[in-house]
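A single structure is presented below for examination.
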Amino acid sequence: MPHPGNPVTRSLTRVLADVRAQDHPGRVADYIPELSRADPEAFAISAASVSGHTYAAGDSTTLFTIQSISKAFVYALVLSEHGADAVTARVGVEPSGEAFNAVSFDDRGRPHNPLVNAGAIVTTSLVPGASAEERFARIRRGLSAFAGRDLDCDETVAASESATGDRNRALAMLARSSGALTEPVDDVVEAYFRQCALRVDTTDIAVMGATLAGDGINPRTGERVVPPAVARDTLSVMASCGMYDRSGQWLFEVGMPAKSGVGGGIVAVAPGEYGIGVFSPPLDAVGNSARGVATLRTLSQEFGLHLFRHPERPASPVQAIDVEPGGTVVIRLRGMLDFVAAEQVAHLTAYGPETTADATTRVVLDVSAVTASTRVAARLLADVAAELRLQGRDIVLVDPDGVIDIA
Amino acid sequence: MPHPGNPVTRSLTRVLADVRAQDHPGRVADYIPELSRADPEAFAISAASVSGHTYAAGDSTTLFTIQSISKAFVYALVLSEHGADAVTARVGVEPSGEAFNAVSFDDRGRPHNPLVNAGAIVTTSLVPGASAEERFARIRRGLSAFAGRDLDCDETVAASESATGDRNRALAMLARSSGALTEPVDDVVEAYFRQCALRVDTTDIAVMGATLAGDGINPRTGERVVPPAVARDTLSVMASCGMYDRSGQWLFEVGMPAKSGVGGGIVAVAPGEYGIGVFSPPLDAVGNSARGVATLRTLSQEFGLHLFRHPERPASPVQAIDVEPGGTVVIRLRGMLDFVAAEQVAHLTAYGPETTADATTRVVLDVSAVTASTRVAARLLADVAAELRLQGRDIVLVDPDGVIDIA
Amino acid sequence: MPHPGNPVTRSLTRVLADVRAQDHPGRVADYIPELSRADPEAFAISAASVSGHTYAAGDSTTLFTIQSISKAFVYALVLSEHGADAVTARVGVEPSGEAFNAVSFDDRGRPHNPLVNAGAIVTTSLVPGASAEERFARIRRGLSAFAGRDLDCDETVAASESATGDRNRALAMLARSSGALTEPVDDVVEAYFRQCALRVDTTDIAVMGATLAGDGINPRTGERVVPPAVARDTLSVMASCGMYDRSGQWLFEVGMPAKSGVGGGIVAVAPGEYGIGVFSPPLDAVGNSARGVATLRTLSQEFGLHLFRHPERPASPVQAIDVEPGGTVVIRLRGMLDFVAAEQVAHLTAYGPETTADATTRVVLDVSAVTASTRVAARLLADVAAELRLQGRDIVLVDPDGVIDIA
Amino acid sequence: MPHPGNPVTRSLTRVLADVRAQDHPGRVADYIPELSRADPEAFAISAASVSGHTYAAGDSTTLFTIQSISKAFVYALVLSEHGADAVTARVGVEPSGEAFNAVSFDDRGRPHNPLVNAGAIVTTSLVPGASAEERFARIRRGLSAFAGRDLDCDETVAASESATGDRNRALAMLARSSGALTEPVDDVVEAYFRQCALRVDTTDIAVMGATLAGDGINPRTGERVVPPAVARDTLSVMASCGMYDRSGQWLFEVGMPAKSGVGGGIVAVAPGEYGIGVFSPPLDAVGNSARGVATLRTLSQEFGLHLFRHPERPASPVQAIDVEPGGTVVIRLRGMLDFVAAEQVAHLTAYGPETTADATTRVVLDVSAVTASTRVAARLLADVAAELRLQGRDIVLVDPDGVIDIA
């Protein structure tokens, strides 16, 4: 439980109060009676960092159905299962410029992306399972792993969705006729209706988002739920298609990959940093939680969470350069060495500072403080070493943990 | 000039060779004779880091016309001039799902975004200027500031574009009829044709991209060309709309805000890190440089430049926690303090480690090594200090440079 | 059997030979194996006049499946059953500008018209029947009444259509979700697949067309199959929507309400005159029989069957005007008196000739030779009589059969 | 002047009163001030028969600008000038399913049809003329010939249209860029604005319609304004595209080729019979005169003017068959002999009645009462004669006026 007096919690509480004081007209979804009974005044936010800190304010233990938010996470499960090539053969990754329940398919017969209904249904069909029950069981387990706790289904909502779900059945049937769907329509849509009826609170979806923010590792449980590449791909699709035909506006104003649900929830992700969940049932004209959108816009602006915000320059990977007596130059590196970091080292050794390019004949590259290195960074450093040797300098690698592999 | 034997340069050279060896069919644009005369074998790449390092391989000094790449940078100039609200009142920020020269406008009568022709023309109309000449002069100065050198216009290309430019005139006229354009059509489109005919090489567009990557500061000249918020907004639109109706696919595969031009150039941006320019005249079916796309896809994968790649955890802002004899806890912070960093400090002081939450009565917050702080981080730290005082602890701020302002 | 040496038959035979000698490339439908086995060289034409004359040339006894041609006639049956208001509440009458299997519905949730698949399926759903079997039985009886002989279903084709019919099921499901369809999807589409698999030859469809041409009376059997208003409404929809997204071109060039089927048949109607059936399996790019289209174009031009051709002025309804000794004017009318005819009489009596407007005091209106009168014509003649009386003339109606009712 | 007490006039007066008593909400066009000043209560109807009778009721001498009604008649002029092939190479004949000012072109780069603005502008561009003035002068003469009196232009309206005409300029420019328009944009649109500002009353447009109804001959002046084929083609396009995206509904309900104008006028045509003009400025939601539409719907229903109404069977062309002593059969034909009539003769001589098929050896074909014959009818009769001769019968043609040419 977050400490009530925690200053982050107080900030979130203040944002809720600010947004509540503004005018954000909306209407609770009423296409099924269960949704229409939601309390329009319920309002909550949770944030979960990739380090495992969680904060919450408002009605953060109120449960609601996950609805379309599930689409992003089932997509991640399916990418893990089959790989991006197999999945994109069936579902595109392009914003459609159309509403969530649009019937259009792309010129390859694929739904435009996994976040419109047609694409979500095809995505659900790719979850292995011999029946709707098996398929759903697997989805429930997968989404529970994202949330870090056992989620359950609101069967009344699922039944009501099924009773009014002809349009989704039609989309499934269209997908079958175009070849994007190969499973029996009823099996798939029944699993889909139950997937959408999973019950979550804002902290659940914040943790789900944080799992994507943290490359697929659930910060609450420490479990790797999906591989890093899947987290990356899922965030990409959320960034371009997550808010339907307002996705461009959302990326411009809020700048976080996100996905909303008709139950009033929205998950947003600050990659590498946070998952954020908001909840307020009244929806705006395009079907996103009106107060939820306003809350995330405020958070993004006030807390600098926009993807393209003034970015902090990462600390230089070069911790220190010491010129020792006798002309030996010692370069100490630290932290994670990726291409960006390795390029800085390469540049440094090639062009300066004066001391390094100079008469020095011996270079010591000390990577004791390096925690990890990407393949490309290691290769680049190997090139640097080779280059220095060509220039007639003596190069020594200090790498007690063997984190990098320079031949 | 980059050192030929530089290992980064060698990497780029190898990527060019790899892509050249693959089959990427394309056709040089031939709607005007000037473009059709481009050498189909010309192929180049340049990269410019926000620290001012530049690398290049291939025909990186070959000049070509900037064409639609200019749209992103003129948009940035116009955002600087009028602010985002005034500009988005005239041009949307939503991908249109349509071709670059589509005639559709949104339901508010705006072109969908500044990177389709209609939107680019409206954007150019927002550049102050009493005539096509004045408008163009201002654009040329602005784009030269982005490139860090004086760009000039290929007047033959501009004249030829003008001679065949009826569709663009029609788009301008449509924008006038919808109210998005208020300037005389001919003044605007003539400036637009000349803007598109500015001559650049790959290093120019790499530096232009690096200027956006670096929050608006040109890494070559050190000049602030646009404010950070404008760089952020421009990158947002490039991310969602930059590659026309393949923007979602591009974000998925390459994950860098980008913009292509019919002359064969593409600029891509790794925010906070690099601008990259590629050039190869033959275009694929949707009008992007075929080899250029392949090159950037390879670079992104090999060098880990995808926006949502496995992100490096930033170094902790907490440099050290020392428990001094007598129970005084000294927390030393460093680097840039933003919300993410401040939240870590807040969490630390609230929940642990043992030593801090303990019987200590005195906390020293040493920010001597902090280089800057955002407003929200400062506020959060102030809250932390207030909280600690409420808990009866003595708190001391060590801030010799006054970088943060805790009341 | 038409007399082989009949000159009309010889004309039709010549048209077939002319068209066969021309190049009209096409492809036999192959989405189900049964259709792909059609003989591409089969070629036939039949014409049936509203007087009951039939002519035929080519393979006019070869049976083929009626396919989409059935849509027009089932629409007529449904209009008869429920009236135009009830039917147009569910299916529009507007050309959609789209392909036959388009998924779009109008802004009232209706399929655009009954001749695209979605609209045809909704139309079939309006045929009364507690099951697919009952519904189909009724359709079969109705279409047999149009053809004047008992049609049967090619059950192999129907089964194959059903096996590949997911898109039609999807259209049905979409129609359910928009409220246009209220019956169970499977019941409706199975009836629809069998309706499309009814076997006909060109003479059958010519007679079906002649039944519409003759206001709903089958010229072969003399049976009234549908009321005149239904024939009119059906022809209207065939005129505007019958040839899908080439309907305007068709009305321009051929000028006959028509409907094609993927089996290679086309029915065309010269209202008041003929039904024409053609058959040739290879289809053009938009799915109409390539030779069939060419044949009808030729027929329309050569035989003057265009709806807006130089029209014959109908014979004057005024058979004779006799001025008898003593100034009595006798006006003898004949044939069918509609508004157009009555207006001529009204004009005549009001303005001339000299003799009638003159000093005559007595007018005899002799309608012995009038075969029928519309309500509006009768009213207009009553007005004429009243007018003449107001002018102080004596008016006598000679109407032994009481065909008109002048108070 | 029509006689006020004429019963047809009284019928029209009653229809106006009936429609006025109903609720047909509408709004006077106000995109230019001149149109907004129209009297919303002005209401008129005129009918002109192809025989030259005219009737009128209401404010039938009130002048209004012809606006889009002009499109149909300028199209007719252009078809006369260049022929249908040359014209349809530039402008299609397909309903677009879109609004009058839509920007879409077909896949051949043509505006969809001549009755949407883009197509009308291209049509106007095909009127010969070295300048806007020359072009307009020719249009004014042509439309005056249709109306049978000298029409003049409301220059204030034309100037106002020009001042607000950017969308039309944009459409023209788009047409230039697609190759459909080759003339200078300004020349064309200025002529177009003046064409739309020609002043007419309802009787003028009724006579214009009657000229199309009567195959191109103005019933007021007797002048042939356009050839029969042009009248046919123009009516075809009016039937499929005349009422924009309600054309299907209009053909279904009203069944007359028609064209409306934003000034409140509508022209409708009963081919072979009448032209009808109505006028009432308030427009419905799709831009057609609200009361005008209601008036024409009423007229069509009450007066049986629907294109596919229960059609009168034309009087048999066979006036009499006399079997003379000695077995000679005399067949007397009358009126206009077209294919339909000739087919009846052919059928009669081939199959009966008994008397003709019998032992008769001599047939006299008396065409003294035939007024004209089409080529195909003449050929068919020649075939009949040849057939009879083959059967060994003696055939005699009585044709004092040489109306048919039987070799």
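In this document, chain identifiers A, B, C and D correspond to the written order of the chains, with residue numbering beginning at 1 in each.
The rule is simple: a contact is a pair of C-beta atoms (placed from the backbone, for glycine too) under 8 Å apart; a residue touches a chain by one contact, two chains touch by 3 or more.
All values reported here derive from a predicted model rather than from experimental measurement.
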Among the chains, which is located farthest from subunit C on the basis of C-alpha centroids?
-> B
Rounded to the nearest whole Å, what is the centre-to-centre distance of subunit A and subunit D, using the mean of the C-alpha atoms as each centre?
-> 64
CA centre of subunit B versus CA centre of subunit D: separation in Å?
-> 60
Name the residues of subunit D that each touch 2 or more other chains.
-> none
Chains touch in the following pairs A-B, A-C, B-D, C-D
For the complex, which residues does subunit A have touching subunit C?
-> 103-104, 166-167, 169-174, 176-178
Taking the complex as given, what residues does subunit A use to touch subunit B?
-> 3, 5-8, 10-11, 49-51, 53, 88, 92-98, 113, 215, 228, 231-233, 235-237, 239-241, 245-249, 251-252, 255, 257, 270-274, 302-315, 334-336, 338-340, 343-344, 346-347, 350-351, 374, 376, 379-380, 383-384, 386-387, 390
